[in-house]
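Across the two complexes that follow, chain A remains constant while its partner is chain B and subsequently chain C.
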Partner chain A sequence: MTQNETKISANGVQVFYGDTHAIKDVDVQIEDKTVTAFIGPSGCGKSTFLRCLNRMNDTIDICRVEGKITIDGDDIYDKRVDPVQLRAKVGMVFQKPNPFPKSIYDNIAYGPRIHGLAKNKAELDEIVEKSLRRGAIWDEVKDRLDAPGTGLSGGQQQRLCIARAVATEPEVLLMDEPCSALDPIATAQVEELIDELRSNYSVVIVTHSMQQAARVSQKTAFFHLGNLVEFGETGKIFTNPEDPRTESYITGRIG
Partner chain B sequence: MTDATANTPRPKTSLIEVDARTKRRNAAEARFKAYGITAIAIGLLFLVVLLGSIIANGVGAFQQTFVNVPVYLDPAKLDKKGNRNIEEMKKVSTFGYNPLIQQGLLDKVTELGIETPLQKRKEMKAMLSASAAAQVRDFVLANPDKLGETVEFKLLAASRVDGYLKDRVQREDVARDKNIDAEHLDLTDELVKAGVVAKTFNISFITGADASESRAEQAGIGVAMLGSFFMMIVVLVLSLPIGVAASIYLEEFAPKNRWTDLIEVNISNLAAVPSIVFGILGLAVFIQFMHLPQSAPIVGGLVLTLMTLPTIIISTRASLKSVPPSIRDAALGVGASKMQSVFHHVLPLAMPGILTGTIIGLAQALGETAPLLLIGMVGYIATNVPDGIAAGFLDPNSAMPAQIYEWAKRADPAYYERAWGGIIILLVFLLTMNIIAIILRRRFERRW
Partner chain C sequence: MVNTDQHIVSAYDRDLESIQARIMKMGGMVEDAILKAAKSLETRDEELAEEVRLGDRAIDTLEEIINDEAARVIAIRAPTAIDLRVILSVMRMTSNLERIGDLSKNMAKRTGVLVQMQPIGSTASSLRRMAREVELMLKDALDAYIQRDEELARDVIERDRDVDQMYNTLFREFLTFMLEDPRNITACMHLHFIAKNIERMGDHVTSISEQVVFLVTGEKPNEARPKADRTSSDPHFSPETDGD
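Here is the complex of A and B:
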């Protein structure tokens, strides 16, 4: 496997929710053009850490982040950084599907519109179609782009959210369990999308499916109780983990 | 449940037979439903009684008795110099018109051949409203060319005559009444038969101005309605933007610290402050300190704004809070700024709640009387429709509830009827506002 450039680098990251210490001194290097999987038992802090990478934790009052996270060498917690600009660069798909209560079209078009990515309606239409195709949902919704996004099924909503996230062309895509509500076919399509995104972007995916992590990712990070227990090549983690906790997790003994 | 029973296997029972425990639960549920239905029935009963009595008492105010009188507009009396100069004709006051009108009615009675002991011109005075002369005078000054002709006027009947036809004034009462005698009532009966005296729909109750204590038949709520209208404009224009902006700031932008907690507690407290306190505050600040005109709708509107703001802020914050945070995350996640996420996504979703809160706040303000007492918007204030928008805000006026209070206070039972009529109009307004609130709510409501 070739060594890519480091896209995101986290050093000594600590996260507190009030008095709860949710992330304990995590160091991780996320490479460009790579899929990195975060795995770990429920409540171990995967989502929390993911949300640090685009400063979504800023919206939680009691949340405090310490340590240093850089993207392309820029400290994202620097005072001069505008989190809005950061989030345009680092897109996110949330754990629970959260489409806007607007039409399917507007759901996708919203991001490109506020970032001025389309010069005219035709270009916008094109972005919408391309994004929906990449989200593996185009065929299901192409006839009802004016229907509300909230009227879709849970799995369709999740794919809509994926399409919405890629529509703004982020450099990094954070995906928090994007496939937890999807059937095997849609899952396969999303995995295909992730693989395709890898050629240009850096993707971070949180998943509870070991098989998925093994299938899509090149790097895997195993979290346990707020600690980053092990981080390395996916192949190595799954075949020859160093830490006994990792081993018991992937073989199904803790979790 | 004790542990022992949890461990013993459940005895097998048939689903067809309802066991004792289920029966008891069902009975409790049935009882609860019965309580609920009783409560609703009692509520409905009170509502029916309330509406019934309001309508029964107030509907009379929408009808008024008029007398059709042919009046000979005698040029010798009304235009002594004979040169049809309006300025000079204005010198003839209503006193000059009264004899002509009374004579007209007397002639009509004689012409119809009605037998009555009332044969003197002066004795006709009790039949007609004191406003009749002014009505004829206004007509003459507007149409001086009609002088010398006999014109048929539809004049307001005296309040006692009106009350007699509405069963408000009984024959027994008349004995003690110096304004009217039993003979007048006999004459009224005859004139009704002849079609000279008739009750018709009274539009001027809805459009007219308040009248003096002795002219209940002339009083209308229209000018007070305008007063209320101008106050509501002030309230809406001030409290909606201020309230919504304050709520958005507090809810979405303000840091959560001791200061914002303090502000929050204060807003909740303000919502509970009795309205009369706002009245005295308005008197001290707006009238005594800022020297705004007394009794003016603008001051009333400012006071009611103070009163409505907490309501609007509380309901707006509640509806902002009810927007799921995942929507905000979604917007921020695609790189929208805080402001964009609020204005593009949160606010539209909160709109139905905000509008409902605002309209309920306005409806409250519309029905509020106490603060108006303190800033002088009660009493016999406005006799004319305000001329122009500025005058509407600045000229002394009353408001619907204050007008109703004022009428209910007056001695003449004819005013009591008008107070009830005013309540009907006020309720129609409140009902309309609530219906608008419901329609807006339906229109803006969206699922998420």
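Here is the complex of A and C:
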């Protein structure tokens, strides 16, 4: 496997919610053009850590983040960084599809509009079509772009949300259990999409499905009680993990 | 260190235990076949040889059952890590055991022919000792498997060298007998095939031991297997050469 360049670098990251120490001294290098999966039991800190990567934790008052996280070498917690701009660069897709109560077209056009990515209607149309194609949903919605996004099926809504996330030309895509509300067919479509997105983005996915992590990712990180226990090549983690805690978790043992 | 914690889904543990119990049973049947085939040759016991020939069917059936169960576990439980290695090693081991069973059956078939002929010196006893050694290696390999004992498995791999040397010695002996008297040729050819069968059994036991190392460590042993069988590679290997 060829080594890609490091996209995100985290060093000595600590997260506190009030007195609760949620993330303990995590160091990890996330590669560009790679899918990295975060796995671990509920409450292990994997979603918390994911949310550090686009400063979503800023919105929680009692949350405190220490350590250093850089994207392409730039410290994302630097005072000069505008979190809104950061989140355009680091897109996010959530567990439950959350389309805006607007038309399919406006769902996609919203981000590019507020970030001023299109000079005119023609350019915006182009961005909308390109994003919907990247979201692998263009063929299903191209004849009803004025219909409300909330009228789509769950799987379609989730792909719409992925299309919306890529519309602002992000460099990193964070996904927090993007398939847990979807049926197996919609899940397979999203997984196929994730694999395609890999050629342009660095994708980080949090999932409770070990099989999904094994299927979609090239690198896997196992979190346990706020620690990053093991990080490595996905094939290795699932056939011969180093740490007994990783092994107990992925084989479904009482560890 | 192999993880011995129990699964949260206890039926998963039962599935894996059942498969491993069956492979131990299959191993026991194959050990029995080796010993009986060798004994029937030495004691010229046609009835015992017949028993070995007929017994091979039960070994083949058990192989099929184990492989079906392993396939079922893969389909239902999607095993990973140590569980995946258990299943992979089981599937390879059944095929090795099945081959050893076949080789024992072939020995027994030749015994049926050999009892019609004059014995060739004490070679039948030598073959019995060689088969006994292979059977002990198999027993240790199976013990190493069930106890997840990497050291013992590596020890078995080393011991295959002795079996190869026993084969070399017998090879020379058969050549001598054939040169002495051409009437010995038919019997010696059969006996040589038997020696080669036992030598091949040793290779299968080695392969089983390698599976044990894989099971415990997640990696195949990387050093080259000890090879002391020179009969196929050395053109000057003859009864007159003093070997090593």
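Quick note on the criterion: the second predicted complex is superposed on the first by the 246 of 255 C-alpha atoms of A that agree within 3 Å, B and C clash if a C-alpha of one lies under 4 Å from a C-alpha of the other, contacts with A are read in each partner's own complex, and residues count from 1 in each chain.
Definition applied: a residue touches a chain if its C-beta (ideal position, glycine included) is under 8 Å from a C-beta of that chain, and two chains touch if they have at least 3 such contacts.
Note that this is a predicted model, so its numbers are computed, not measured.
Superposition of the two structures on chain A shows chain C fitting alongside chain B with no clash. Contacts of A:53 after superposition: neither chain B nor chain C is touched.
Legend: residue contacts after superposition of the two complexes on their common chain; A:111 is shown touching chain B, with no touch to chain C. In the superposition on chain A, A:165 makes contact with chain B only, not with chain C. More residues of chain A lie in touch with B than with the remaining chain of the pair chain B and chain C.
Shared-chain residue A:61: touches chain B; no touch with chain C.
Judged by the touch definition given at the top, the superposed model places A:181 against neither chain B nor chain C. When both complexes are overlaid on chain A, the residue A:84 reaches chain B alone and has no touch with chain C.
Residue contacts after overlaying the shared chain place A:247 against chain C, while chain B stays out of touching range. Measuring from the middle, so to speak, at the Cα centre of chain A, the directions to chain B and chain C differ by 150 degrees in steps of 10. Per the superposed model, the minimal spacing between any CA atom of chain B and any CA atom of chain C is 25 Å.
On chain A, the surface touched by chain B in one complex and the surface touched by chain C in the other have no residue in common.
Those residues of chain A whose C-beta lies close enough to touch chain C in the complex are 210-211, 214, 238-241, 244, 246-248, 250-255. Remark: chain A residues 54, 56, 59, 61, 84-85, 87-88, 91-92, 94, 96, 98-101, 110-111, 114-115, 148, 150-151, 161, 164-165, 167-168 touch chain B in the complex. By the touch criterion given at the top, residues 1, 3, 5-9, 12, 78-85, 218-219 of chain C touch chain A in their complex. Contact residues on chain B toward chain A in their complex (touch as defined above): 255-256, 324-338, 340, 344-345, 349, 446-448.
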